[in-house]
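Letters A, B, C and D name the chains as they come in the text, with residue numbers starting at 1 for each one.
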């Protein structure tokens, strides 16, 4: 039994079958990659996991509990955090504040009215946020506006925001999209470090096979909304169906 | 039954005005992404185009008539419009009588120019600014425009009657087999309704069947992509602003015989037309028209005595009540698209 | 001091000083000078500055922090006024019960309207609040007349019960015997300063309201609200439910509006329905944006700016104009009067409209941007270029780490 | 009553005295300085003209302002003196009021109660106005009247037609020259019965607020007393611009008279809509359908244009009256501005003169003295014939004009013709009449 169990999930958009009977099992503390050609339904699947979309049928179990139909913030509170393809950060807030907010969320739950206490008085929150930012090498930019960061820094900030919550499952949507090779390698190292030092399960959507094969312990291949194969990286590499799916896409 | 029919007719008419204003408003919003609080002022300017033309046509020279006296006992100065002097009292009088329909011809170029000037001179610089800034600057413009009109035309309503032959009412009931005098509908309101339908049809046909319109519609759906295709969408949007201004202006011109225009008529309609646009769905043209007629008819029904007897004061709040219910049950209005104006 | 860091404390002290010295600051011209027309240091207007300052500060907690643009806040102001006048009618002219009831009822009303309206966002939210407020106004003006006294405005009649009014008790509004309309007038040289009880009562409450809003801005709650404005989606994916945060902000700002309404009735015990109309809601939006939304001081500046125009510019008539230009030759005098005439007196709306446009076009950050630009101009010379004003923009309030 | 509204004017003087003797500022509370609010101590006296300068009644307000300026000019001895020469009381001699030159300040009521009070307060507190006058609708008039009562200055109401102004909301410091809803009904009903028959069926459309209600009540009561029946009373929202959905049901209601209890833009639009729906050509039971507009205003009749022709209503005064006072006023106003004055202009001009005269007769600006001088004051020569300022409710009693939209106007101002001058006896009512009961004048308040 994995920490995340997706069973027979279907999702239609009008005439398009975006997800067809998807099954997925992510083992605790593993790094699980989901790959597939464009339009294979990877992002739709992720959206179903975090509550942005509700599947038409099927079940999604996290740690033995169903998260289906629950609101995004409730799902997050169970321990699922998500990093987006384009970083979703609080652009108008400072870097430090960006990370403090998830710290508050983790400590206080979905809502708590701290209207009179000052932010500065929250020493524990601040220290926790700073620690995470040091881990992400953002300690020099604590007081800058998040919107002023470079694209790579924004990604790391978003990662920091997710890590600050100490999630049990981290969903990453193409964490290296648009990055230069050197940055990609840095990100791989970062993720490896997270994998090795924290007990976090990761599910990664990725196009870059270099990233996938450097990190993943198991890989699920999606094609046209349906799971094609699920196996170890070694076995996936030479799998004929996978090559067909990708080549097929290359042809048209 | 007859009362209900009568109120539907009335509602169509009110709905026509709402629909025309809302159409322009949503067109501007859909194409330019601008929340235009000065749109009511455009409606008002249109109405004052009719007043202005009336003034021009009745521009007079004075002759002193010694046989009569004015209110101070001085010899009366008689004013004769030049038009009557040139074309004779008969033809001249007819031209003056037809000043409201004639004002359509006058208003089209005027309103399009005003629209162009507004877009080029002001609105253009606000595409990238927050909606709050757009609201403030256009609201400021609306105040300025109405104060200017008040300065020249005063605060009281100015009568602008329909042509003689359109006064009076059509006995609609007889056509439908009712007794005479049961369902009465003024001719001019019929004209207004047909006029509104023509304009609405024209705008839709223009957007649907011309390449210009297709580009604009594509731009409404996805502005960046159209821009990427190398099409100068901005120029087309300027033209759309002019068209929207003209639609609002014509709605105003033709409305003058129904309500004597005054300087704040734009503000009176502004809030309602925003409600109409939102109920229809921001950026949806059919939605604006549908919501305009829907709210117009509902407003008419709510003012029936039978309805008010059950729900006192319902006619005061019906539009807002309907807006609340629709927005709570259909989050993006009747025909709105996802993601518009929700950030 | 009081849970604030040094810079905020300094800022608060400046605000306190400005507020307390308002009766002096607003009388810059000697009584005999022809510019005395522009003096604004009389009780009614000073009270209005404080009251609308509170209204705008409260509105800013909602709009400035969360970005939710309410077009119906005047409804809460009106409810607050009605509640207060009813307390006058039922109990006595002591303003305290009225103000408490005003804050409570407007808070409850805001809870109801906010709970429904906050189900939607963006312009849909704006229209929902507008619809509620217009409904309130229309009903208050007509069918609710037994409660609101309709067009005439709710007022106290001599035959009202006033159960707590002692024999020979004060028949004007007061706080424990201190009448609001009592004034101390100090002539100093050619100047004359009026220190009015009502104004100082409003001013003390306004300072408290300002202090509270400062604390909210600097609190984790304030940070959450700014986060809502910045990125709601990320809030949800961070495990935070945005609805209670926005609702709390809505209710708090509704209570501020109710307090302002209660104070209006306390200074002048009559509540007219017009103060609930959409134009009144629009006015506070204009005040906030004009002054600088999301900044602490901006809304107060905006409120003062608009009220000053409404009360001072509208009173400049041709007679006054001729007085000003009397030193000029007749022809020139008439010419100048003709040129200025459309912009003052009954034309003050025109000037206000033009000013809105100019401010929005050239000062997108509102009036506080003038201050910021000036400050930048000076600090650049001083060598610390980006010492953005700590008072204002939450954007530049990075001292959480200090 | 603890009152200490102080003005710059009094203090200016005291301050100047103090400043002359001492270098240090002297601070004192205002209450000991003078006997009443804004007591004029210099060579001038300031009046506050509080009229709608923006909003839908701005044109009325502008006309009122013209009349005020004219009145001030005449009081100070300028111009041709206007009605001063025809006024039965002869205390006004062109030297201002009590020898003090008259100055004035203006304010904008915006036709809103809040704005009107704010503007009045600023005139009292900032400019030291001793008397406030003006207004073009009842809500603001009642609100400002109450304010003046509290502040201790006199309020001379302008155009306000609601029964409440001198009924349940009457105040000792407030006076109304204009007529009211009851008087309209009492004057109009007999003319209506005589013209249209005594068995008519009326349908009321009423603006849904206080003024509309009192007028509706008054007209319905007066017409019903003469045999008419009222088939329906329908309230219309104030914000309405198109009344078609309210007019349409009239068609088949069985009514043969439509009474429009509307004013301003409402009146123009509802009348336009009624004519548009063919009501004027309609016949019910063989009799022509009639429309009545109980409160007429020439400025608004102009807005309705052709539609007013032949329609009956009532008005406080009309420029075509041929008595000496009216002629003098029209002459004086018309010469200065080029067009005849409206009834709003007339009533505020009279109010200004009446106030000035009362002060002169009382020999004091003290509001209580002025109240005493005005209460029960009988006068003539101000255009409405012999008039009484009744002591019980501070309402003027005078003849009321029943007018009709003119069929063939000779010029742009010649819109109404006087059908009948209803004698004052016919419109007089008991101060305790149910439509006016419920309020009390209270004590005059001199402030300070």
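Going forward, contacts are C-beta pairs under 8 Å (C-beta built on N, C-alpha and C of every residue); 3 or more make two chains touch, one makes a residue touch a chain.
Being a predicted model, the structure only gives us computed values, none of them experimental.
Just count the C-beta contacts per chain pair and the biggest one is C-D. With respect to chain B, maximal separation of chain centres occurs for A (centres as means of Cα atoms). Closest chain to the protein centre (all Cα atoms averaged), using per-chain Cα means: C. Taking the mean of the C-alpha atoms as each chain's centre, chain A and chain D sit 74 Å apart. Between chain B and chain C the centroid-to-centroid distance comes to 35 Å (mean Cα coordinates, whole Å).
Averaged C-alpha coordinates give centres for chain A and chain B that are 52 Å from one another. The residues of chain B that reach two or more other chains are 316, listed in rising order. Residue positions of chain A with contacts to 2 or more other chains are absent.
The multi-chain contact residues of chain D, meaning those touching 2 or more other chains, are 58, 62, 208, 235, 237, 239.
All chain pairs that count as touching, in label order, are A-C, B-C, B-D, C-D. Of all residues in chain D, those touching chain C in their complex are 1-6, 8, 11-12, 14-16, 18-19, 25-30, 53-54, 58, 61-62, 65, 69, 104-108, 112-115, 117-119, 121-123, 125-127, 138-139, 142-143, 146-147, 150, 164, 169, 208-211, 235, 237-239, 439-440, 442. Within the complex formed with chain D, the residues of chain B that make contact are 2-3, 6-7, 9-11, 13-14, 17, 68, 70-72, 76, 150, 154-159, 161, 167-169, 181-182, 184, 186, 188-189, 257-260, 262, 264-265, 268-269, 299-300, 303-305, 308, 315-316. Interface residues of chain C, counted against chain B in their complex, comprise 69, 116, 119-124, 127-128, 130-132, 134-135, 138-139, 142-143, 278, 282, 285-286, 289-290, 293, 342, 347, 349-350, 352-357, 360-361, 364. Of all the residues in chain C, the ones that touch chain D in their complex are 31-32, 36, 39, 42-45, 48, 138, 141-143, 145, 149-153, 155, 157-159, 170-172, 179, 181-190, 192, 194, 264, 268, 270, 272-275, 310-311, 314-315, 317, 319, 345-346, 348-349.
Residue ranges on chain C touching chain A, taken from their complex, read 3-5, 215-216, 218-224, 226-227, 229-231, 233-242, 244-245, 248, 252, 394-395, 398-402.
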